[in-house]
């Protein structure tokens, strides 16, 4: 845990907090996400791992549903087609919509189903969240309809570990399994490789990371596991 | 967690991989996931069992009561089997009266137990034409990760084997609820098993994962004691050629032997 | 409270039955937990927040908490016909009322949080076990909550107050008979649920609530421990 100036960090690493618990009291800590400050005490307002940096205390969820954020890249399934776009299920409680205007090329209203039909998977970015719901876009590079490969699902809270610092974890898996991997912030992950065996190897690797997400030194564990699996 | 629909691209892969005789989790087409059986898990039941196949889990309980026999079986006990797909076991199940899926599954298991003659119904007769024991088998899903049907079948057998008959006050003709006699439910020595085979494309598999179960075109559930088949049910919209049916029967027999050898010690 | 009062199972007046608590028992759910008081076993699963259908039931100001409590047919000595009944519907509603005050669900309008509670084995205090399991499952699902809630039954057997009634005590017939008071408290001492049947003077009722506070603190510690034990499960 980081501590700055001469503030001693009173918070031990990777501590789990439960709702209503006093995380820390005294000192100049500020309440971040999932916490509130009452008097001198910072209280947890949800279940998760306590994280503190520069005096800001927050709770990182370790379980539960995905909460969408602007800018998130997500993977979803086309649920419905309207006259001007696609309703996409990104496994969240709000409707997500991809309008024709957010596709990089011109799409005629009559060819909507030909571009993407119900049941197709798509990688998209959330560009707006408002009262009506979530607006998606596939205008940037790396986004668009998914044609091949497999989709797996993990709890969205594991995504940061699966991606790793600056993508280190997912890149390690990509190179060792020889697959392209796109990780949606909502927990859906697209894997594409030359052979199904490679894709399933990548799937097992990702599930391994998700399962062991708590442990310290995860990267080394994963490297070890990948080596062992390759020799099988 | 909301929709659990299998993406089309996954379906493509599953089918293609199966053509090579391989499944996503590394199993062979005729291979089951790990089966765990625990009996006596609910103390107020006459008998109970918790069965898990992989991450799929069911809880089965047996209760008994005394009532009049049915018109056409005056000297036999009664059997009632229900299956509840509890909403807590899957985002796909809702609270409310049983949907057709649960009703069909309950009736498949009922037919399986009934036709296998596993329970000796004549021995459940107390007074012919007047008083007989009714056996209630209630099956609840706890987590659905595919193949609830086979877990339910194994659970029903395990719970029955675990069951003792309640004490009965002959003088006042009343069941003493909550007190069990030393007498077990009269069961046959042979253990019947209910095994479901799914057809995906031209391939047959047993014990489907949730995704495999979703995309299969047809399923056939066969209740047998090894060589003798007592019950059968085809489900879902697909159709079967006669050769496929023959292959299914062979696979069912082979699977019975496999599964039986694995679980017989848990079914004492 | 007479210290010499002998409970049928030998417990002290303020003693809870052995408690077991665990989270994450149902992989498909967003949050799940089991909680047992002795032979009374409850499991709970949470799905949500998720879209609320049908639309006309949506609440535009916050999420809707929807609890469904049910007992398995074989959880009791005399079989219960599967399906809801008036008692389970009432308990579903009071469970909602017991949990909602601590939930912070204004951030999820037009959604529903489904909590399913099933009793696998019953030896009285089933609604309390259900509420305890549901509270853990809601936390496990990451639902924003000010606090956990803890529920226990306080009883009066003839004239003696006891904590955590079992079935034998629920059916107590000596003297004044049994008075049963299931009660749910937040960790900071607020009552979110209280019921009573029997007969009791106000003075003793207040005393009973004090016993509940102590018992609920013990239960709360166990609920917290179960939530923190996930790391070891891996």
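Per-chain residue numbering starts at 1, and chain names A, B and C are given in the order in which the chains are listed.
Going forward, a contact is a pair of C-beta atoms (placed from the backbone, for glycine too) under 8 Å apart; a residue touches a chain by one contact, two chains touch by 3 or more.
Computed from a predicted structure; not experimentally measured.
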Open item on the list: Chains as vertices, touching pairs as edges: which of line, ring, star, complete or other describes this one?
Closed with: complete
Task: Greatest separation from chain A - chain, by CA centre - done: B
TODO: Consider the two chain pairs A-B and B-C; indicate the one with the greater count of contacting C-beta pairs.
DONE: B-C
Task: Centre distance in Å when chain B and chain C are each reduced to the mean of their C-alpha atoms - done: 32
Task: Gap in Å, rounded to a whole number, between the CA centres of chain B and chain A - done: 38
Task: Per-residue overlap in chain A, given as positions that touch at least 2 other chains - done: 65
Task: Set of chain C residues in contact with two or more other chains - done: 30, 50-51
- [ ] Mind pulling the residue numbers of chain B that touch at least two other chains?
- [x] 1-2
Task: chain B-touching residues of chain C, taken from the complex the two chains share - done: 26-30, 32, 39, 41, 43-45, 47, 50-51, 68, 72-79, 82-83, 114, 116, 118, 120-122
TODO: Enumerate the contact residues on chain C facing chain A in the complex.
DONE: 24, 30-31, 48-51, 102, 104, 108, 110-111, 139-148, 186-188, 223-224, 227-228, 230-231, 234
Task: Partner chain B, residues of chain A touching it in the complex - done: 65, 77, 79, 89, 91-92, 119-121, 146-151, 196, 199-200, 203
Task: chain A residues within the chain C interface of the complex - done: 14, 16, 18-21, 34, 45-48, 61-65, 93-95, 157, 211-212, 214-215
Task: Touching residues on chain B, where the partner in the complex is chain A - done: 1-3, 5, 7-10, 12-13, 16-17, 22, 24, 26
